[in-house]
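Below is one structure, written out as structure tokens, with a few remarks after it.
Labels run A, B, C, D and E following the written order; every chain starts at residue 1.
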Amino acid sequence: MLEPISVSMESLNLGTLAPMLVAIVGALGILVIDLIKKDLDKTLYVMLSVLILFVDLGAVFGQRLGDRGFFDVMLIDGLAILSQIVILAASMLFIPLALTSRRFHEYSYPEFFALFLFMVAGFQFMVASDNLILIFVGLETASLALYTLIALHNRERSFEAAIKYFVMGALAAGFYVMGAMVFYALTGSVELYKIAEILSVSGFANMTLVLVGVSFMIAAIGFKLSMVPFHTWTPDVYEGASAALAGYMSVVPKIAGFVVAMRVFELLIHSDVVWVRDVLYVAVVVTMTLANIIALVQRDVKRMLAFSSISHAGFVMAAIMIGTTQANSALFLYWILFLFTNLGAFAMLWVSRHKAAVWGDGRFDHPYEKFAGMIHIMPVGAVVMALFMLSLAGVPPFSLFWGKLYIMSAAVNSDYIILALIMAINSAISAYYYLKLIVYMFLKDPSESGRTVYMKNASKPLQTIIGFSVFLTVFAVLAVDPMWEFISTYVQASGF
Amino acid sequence: MEHMETYLYIALFAPLVGSLFASLFADKPKMLVTGIGTSTLLFVSWVSSVVLLMHVYHGDVVHVKMMDWIHAGGLYIPFGFVVDQVSATMMFVVTTVSTVVHVYSIGYMDHDRSFNRFFAWLSAFVFSMMVLVMSDNFAGLFIGWEGVGLCSWALIGFWYERESASWAANEAFIMNRIADLGMLIGIFLVYWNFGSLQYDVVFAQVDGMDATILMMTTAFLFIGAMGKSAQFPLHTWLADAMEGPTPVSALIHAATMVTAGVYLVIRANPLYSLVPEVSYFVACLGAFVAIFAASMALVNRDLKRIIAYSTLSQLGYMFVAAGLGAYWVALFHLMTHAFFKALLFLGAGNVMHAMDDELDIFKMGGLSKKMKWTMIMMTLASLALAGIYPFAGFFSKDKILEVAFAGDHYILWAILWFTAGLTAFYSFRLVMLVFFGEERYKIFGFHPHEAYRYMLFAMSPLAILAVIAGFFEHDFIHLVSYALPIEEYEVSHTVFWILVVITQGIALGGIALAVYKYSHGGFSKKWEETFIYKLLFNQYYIPKIYDEYICKPYAEISTIMWKDFDLKIVDATVDFIATSIYKSGMASRVVQSGNLSNMLRWMGVGLLILLVAAILYSPVR
Amino acid sequence: MDHILSVLVFFPAVAGLLGFVVSKESIRAYGISVAAIEFFLSLWLWFSFDGSYPGMQFVEVLPLIPSFGISYYLGVDGISLFIVILSTFITLIGLIALSIEKDVKNMIVSLLFLEMTMVGVFVSLDAILFYVFWELSLVPMLYIIGAWGGELRVYAAIKFFLYTFAGSLIMLVGMLVMAYLYYQATGVWSFSITEWHRLILPMNYQIWLFIAFFIGLAIKVPMFPFHTWLPYAHGQAPTIGSVILAAVLLKMGTYGLVRLPLPMFPDASVYMIYPVAVLSLIMIIYTAMVAYAQKDMKQVIAYSSVSHMGVIVLGTFAMNPEGITGSVFFMLSHGIVSGALFMLVGVIYDRRHTKLMSEFGGLAKAMPRYATIMGIMVMASVGLPLTMSFVGEFLSLAGFYQISHTMTILAGSSIILGAVYMLSLYKKSFFGDVVHEKNKKLKDLDGKESMALWTLVLVTVWLGVYPKPVLEPINTSVESLVSFMHKKAMTDEAKSVIRPTVIKREAE
Amino acid sequence: MIETIAFYLFSAVTIVMFWITVSSKNALYSMSALAAGMIMISGFFFLLDADFLGVVQIIVYTGAVMALYAFGMMFFDTTREVKENIRAPKLVFLLSGLTALLLVIAFVAPIAADHIKAFYPMVEGVENPQAVGVVLFTKYLVPFEVAAVMLLVAMIAGIILAGKKMDESLTLKIEEEFQEKGAK
Amino acid sequence: MITLSHYLILSAILFCIGLYGVYRRKNLLLLLFSTEILLNAANVGFAAISKFYGDLTGQMFAFFIVAVAASEVAVGLGLMIVWYKRRGTLDIDTLQSMHG
């Protein structure tokens, strides 16, 4: 017989769970509201979601740095807090994008908002733990919800996107569990800190097996981060999903993925497992470059942005490969800056969304031609879009320049000068496709005069969000320093 | 002394004022006032020059520093002007000739559409020339140097509608630029070795300066002189420059600008006198050019080109003198030559006027009846040029022969002596063909007439000077002895007289031959078939060689550089990099086939690669 | 006034933003007035500038990202002062002569933004701030070339942008390395250029960093073989674009050379003199030849720009006060002269919508006033004494003569080859008879064109005759720069090559 | 001994069954083989003293999941032959074969278990379900709850995706159609 | 004697069979079967490790994997139903409207 187990509430550290609980309870609340009264307007749910996320964010700030809770399953370190802030901030920007002036299928479901909140909770679990099981379950919760959210857009391409994402996700899940199994076989534990401990005590006795495990993990996390060659889903899924969701996907799942990658790989990198470093080096370079050159030839802005976000992810992965505190802090800085810019860019696409694909052969929703001569029709819109593009291209003083600066600096400081040069060259290449859009908007004449309505989907909330993003994009320089202080304190505190 | 500075500034800036005044009306139709105004101002300048000449006659020097120009690092260049004996002489020559030419031009350019523009440029030229001769440093000299080049360009190409004129203008400018590079390098050498560009500072340091440096400096400076003074091999532009209006030829391409090279050598005599090798080279080149140009003048049929070649030839004489260290002789010949050569050109201008700008002397003849005064003045000038006593040329040219002989440079002497004969011959060939003999112009339907009276008046001072200038030799020696070394040539009295006699002999012989031949119908046609004639007539094929082997290849290489190298290699490389990146993007799209099966397989491939890496790599760790 | 530099930098941009409100009819006047105010501000700067003090003046420091050592750090010295004035001056002149009708408001606003970035580059003393303005300047230029340019405008604009962008990113890496080295040496992050100047680095670092900086700057200059973007950019840009590009934007490259690699890496700079000089020589001679082969007037001037920039670079690498002062002055004169030349070509392009020389001939007869100014500017471009260019070219070459005699002789061929292509241009289009019927009735310069162009002529001649007011402050700063480099240099070779003024002026 | 025999037997059967699952052209065979393979796997679980896991395996997989699949098969009308256009089958075989080979190579080496200690040991005399329960509701309480959320998500997802409302797409409708509807 | 390696190798082989199916199958439903095999392969491994180390964590993981598998089936089937309603087929080759 087993002893009865008594657990004191304090040792559980319920606070570590508070943010996720907020999201989950909120989601359930939405479901309940829907049960009680049907046909409530989406605006209600949007605002409810925002409020819930706000409370969630508050709870995140309420978390104590370095806490562990629930039998050490939960881990609230700097990374967890930072990434949760990013996740929540992106979510709060994303949800109001539902307030379009056009009606879209997904927003007619209250479940959409519930699923969304579940997904947020899933991501939060994913980042707030170093237990492979919880990471896995959190990941799957979020992913399953995300597949559904994509499909709810309800048109053929969304389904196609969802199915592609889903099937590849299932394979990646397979990789993940195999990786976890190998680590478990090696160490008898599924908790990263213990894995690290045992591996280093044993002196990496069975190196081959360790590397096999890492391989599976790279494959699994690489899928989330859309590293080449696990990236193939990204452009299709972004294209199929609504622009708003695509923007969201380019930010949030990736930051969760980064945190997991950091937790998994850093322990090896810090133990001087050169292999990981080298493989990541290659992967990073290939991801950056390949995504860039494919983006060059895209005809659709959204697909281009998809490839660009792959490239950006590659850029940021370099920080994990470098592995210094500066690099890891730079990662967060980069991603926060990227959040506003990229979400803004996708929001612009969202705003310019037409129900029917009327440009060219109808293959794309947002072909470049659509934006031809936008400066003559929608000067402000064109300028805003151009600002986002310049920022993405890394033209100073717009936000992403500072991110690039810090990451390249981190590379330089760790003697990865070649890597920094590759980053520089890639930035230059990437400028081409961003410029292409600017060229279309500013330098070409409108192609068909009848189809010059760009802001059909724009509503005040959307404009506000975009305005907010623009503001942050332009004046990022003023925010960099405080942000950097904040981030590096937290990253340092979590020992990365 | 103060008022001397005023005279200096007046002499210097009066032409500039005139030029600016005339340029105000440059695109207006003819206004007599521009011609008169500029002429008056030049006269003022002349008066000031004469006053200054008087002033420096007794050894005073006027030296002013107007203002700073360039000061960078250790390089300090002011706008400084100096009127010493050399520059005063030059000023006198320049202002005299240019005043005459200005007045003459009022008549000559009477019917020209761009009357005002002409005077603007002409006065601008005089200003530049004054800067050139008056500057107290090499940089200022260079300003004038380039300034006269510019004005020469504008005046040669004055009738820019003509392809040949604009071509000649550019040729002159570019040729001069080639030489200017040499000059510039010379100036750099001076600066880096002497630390200054001021004549006095530089010349004070020449002793003890490294010989190689001195040699390089003088050599490079002389390259500059070669361009301005149209010495071989940079001589072709001078003949082509005859495309310009004739007064321009008289002023620029006979009397003043082309002598700037000689002036430079004279001015830099403290340098040159220390480098015998270079000086000797200068002399040899001068002798060569003297006979070389004279030979071309023998057969040419173009009225102005003949005179141009004679100018070239005479410049050769001056360089011989300068190269042999007889700087004052060179300067003297420069002066006398200016007078009679300008006169010759102005006479040629009259003829051209009469002949409706026809230049072929074989289409003229017997003009003396219609143009008596012109004939007289041109004959005077020709006599002076041939060096016949008592005309000005005799004194200066004979002195050069004497110098050559006294310096034991017998070969040089022989060349010059022979050239003297040639000079006499071609001068009188010209006079004979133009003014005497059969009136061929009638065949071609010309109606010649004498020039305006005041044009003839305008020429008269020059005619007088061409006759009497030689008698001022002693005054001249006295004057320049303050600034230039005056050496006594150890030639005995007997030798001196023998030299005079044989020189006069060959000159008179040349004249006699010309008069005889051309009063009897000239040379036979067969002569024109000979190789020598063709060689000379085609100017030794040098222009053709330049055209074929320099200009055309340059244009071709340029085109190749542009079309084949710049566009097809340099730019194409850049574009190639860009397009290959773009194409590799196209190629990489296979990854993105959109087929789920393929996408899954790509993931598998990724995993496989990682596993292979893991297995292979693990021993390395 | 303490914040004059900030005002100078941001005034045009703020005015540009406000300009959106101004009605289309009055926007031209608005633009000109803003540019005029800016120009007078820059003149004020000059008047309150102490020409005898070699260091930075009107310094403004404000920490921007203190944790990373990035600050808002402005200041001018003699070297940058006049380039700032040049920028404001050329913008004003360009606006006066602006002949664009289409989207004129966008054009003027972009120009004002461009002005901000130009001034910004020249007054920034923080590397990152410098970089920010440097990159930002590409954006309005991209728009100007791309929206108002010729047939290939988009190609040209993108080529311009990407080429420069790629180069400057490499420079950025260099900056980051530099900052890191500074951090290692001092334990403090700093991007301040003046702080960086104080850092003495080992030779191999110096060389690599020099190369990194040099690539970024060289593309902008543009040095051979990175020059091919320039003919396209110029050929396709509207007049105002070419004017500003040639007059100011190219100067960013050469200014950067003086400001960044030279004092930062004196040893490497000395080490690299010959490679750089060879590139410059190729630039000078080769592009001069290419210019001669051109059929389009504007292309001739574009290539001539490259050729002249070669002389500037050469002067910069003379490493003595004469050469560097000369090259800085040449930057100014090239700005004015080539700006004027592009403007002149623009004049004829506006009338005939072609720039092919074969289309013209006899313009001197049809448009005498135009031909006069063109003639003056052609002669200035050729480097005739008493024009601005001569002073610069003379000093640059004179300076470099100390380094290498043969190379200077070769470089000096620019005065010959320059005359060849410039005069042949002038001959082909201005001399000869009026052949084309269309050319007979061409209108001569109108009021605003004359005003703009004569101003440039005046400046060209004024500073050719009396360069002292400009040359003196430049020289003061350059002399202190050179003696600083001399002091800082480690190797004996560098110490002997970098020669501060040893020859004292005899006037003293 | 029995263990060995059982292992090899189960292994062989499982491999064959799964092979049939992935290679059979008949969907029905495929599914049946999958179900059989799942049961064999639960056999492994019993063999490995994971009784509770074995039971869960049978109930969840063979019961619930298979029922779902069967339902799906009928819905999708794939009870019989499935036509598949398989491209580059050799490549597929090579890819998976190589992966298998590499994995086997990696797993052949015995794992040094010196440093490993069980964090949640199986206690002698405690029934497996009981031990599992304790661990599940202490250490893995949070994941357990999250799994519940996950299942909820999956349920909602399944319901709304399969629901009637998805048949008509608001996304594709243009605004005019909404108004017409409203007018009615 | 059956060691841990035996089980791990078995797990690897099963995993690769699953992989084979994933690469090969063109019918979405059958593809889903293959992913089940992938997950189950890991389950075997976890159970075995759990047994050999006498540690329950492996079994825990296996539980969660089962749960995940079940959830995936639900969502996957939902997606397939939607797709099937639209296109009347589950062939992967029909999922190609987006590419490039």
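As a working rule, a residue touches a chain if its C-beta (ideal position, glycine included) is under 8 Å from a C-beta of that chain, and two chains touch if they have at least 3 such contacts.
It should be emphasised that the depicted structure is a prediction, and the values quoted were computed from it without experimental measurement.
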| item | value |
| --- | --- |
| Where chain D and chain E overlap in contact partners, by chain label | A, B |
| Intersection of the contact lists for chain A and chain C | B |
| Chain whose Cα centroid lies at the greatest distance from that of chain C | D |
| A-B or B-D - the one linked by more C-beta pairs in contact | A-B |
| Reference chain B; chain at largest CA-centroid distance | D |
| Between chain C and chain B, distance of the C-alpha-averaged centres to the nearest whole Å | 36 |
| Rounded Å distance, chain A centre to chain D centre (Cα mean) | 28 |
| Whole-Å gap between the CA centroids of chain C and chain D | 69 |
| Chain B and chain E: spacing of chain centres that average the CA atoms, whole Å | 95 |
| In chain E, residues with contacts to at least two other chains | 4, 8, 11, 15, 18-19, 22-23, 26, 32, 53, 55, 57, 60, 64, 67-68, 71-72, 75, 78-80, 82, 93, 95, 97-100 |
| Chain C, residues touching no fewer than two other chains | 162 |
| Junction residues of chain B - those touching two or more other chains | 589, 592, 594, 596-597, 600-601, 604-605, 607, 611, 614-615 |
| All pairs of touching chains, each written as two labels joined by a dash | A-B, A-C, A-D, A-E, B-C, B-D, B-E, D-E |
| Residues of chain C defined as touching chain B within the complex | 159, 162-163, 224-225, 227-229, 286, 289-290, 292-294, 320-322, 325-326, 329, 362, 364-365, 368-369, 372, 375, 379, 382, 384-386, 390-391, 394-395, 397-399, 401-402, 405, 408-409, 412-413, 415-416, 419-420, 423-424, 427, 430-433, 465-468, 471-472, 474-475, 478-479, 482, 501-507 |
| Residue ranges of chain B in contact with chain A within the complex | 581-582, 584-586, 588-589, 591-592, 594, 596, 598-600, 602-603, 605-607, 610-611, 613-615, 617-621 |
| Residue ranges of chain B touching chain C (in the complex, touch as defined) | 26-27, 67-76, 78, 139, 142-143, 146-147, 150, 153-154, 157, 160-161, 163, 165-167, 169-170, 173-174, 177-178, 180-181, 184-185, 187-189, 191-192, 195-196, 198, 201, 554-555, 557-559, 561-563, 565-566, 570-571, 573-574, 578 |
| Residues on chain A engaged by chain D in the complex (per definition of touch) | 1-2, 5, 7, 17, 24, 31, 70-71, 73-74, 102-106, 108-109, 111, 114-115, 118-119, 121-122, 125, 131, 133-134, 137-138, 140-141, 144-145, 147-148, 151-155, 158, 185-189, 194, 198, 201-202, 205-206, 208-209, 212, 242, 355-356 |
| List of chain B residues in touch with chain E within their complex | 589, 592-597, 600-601, 604 |
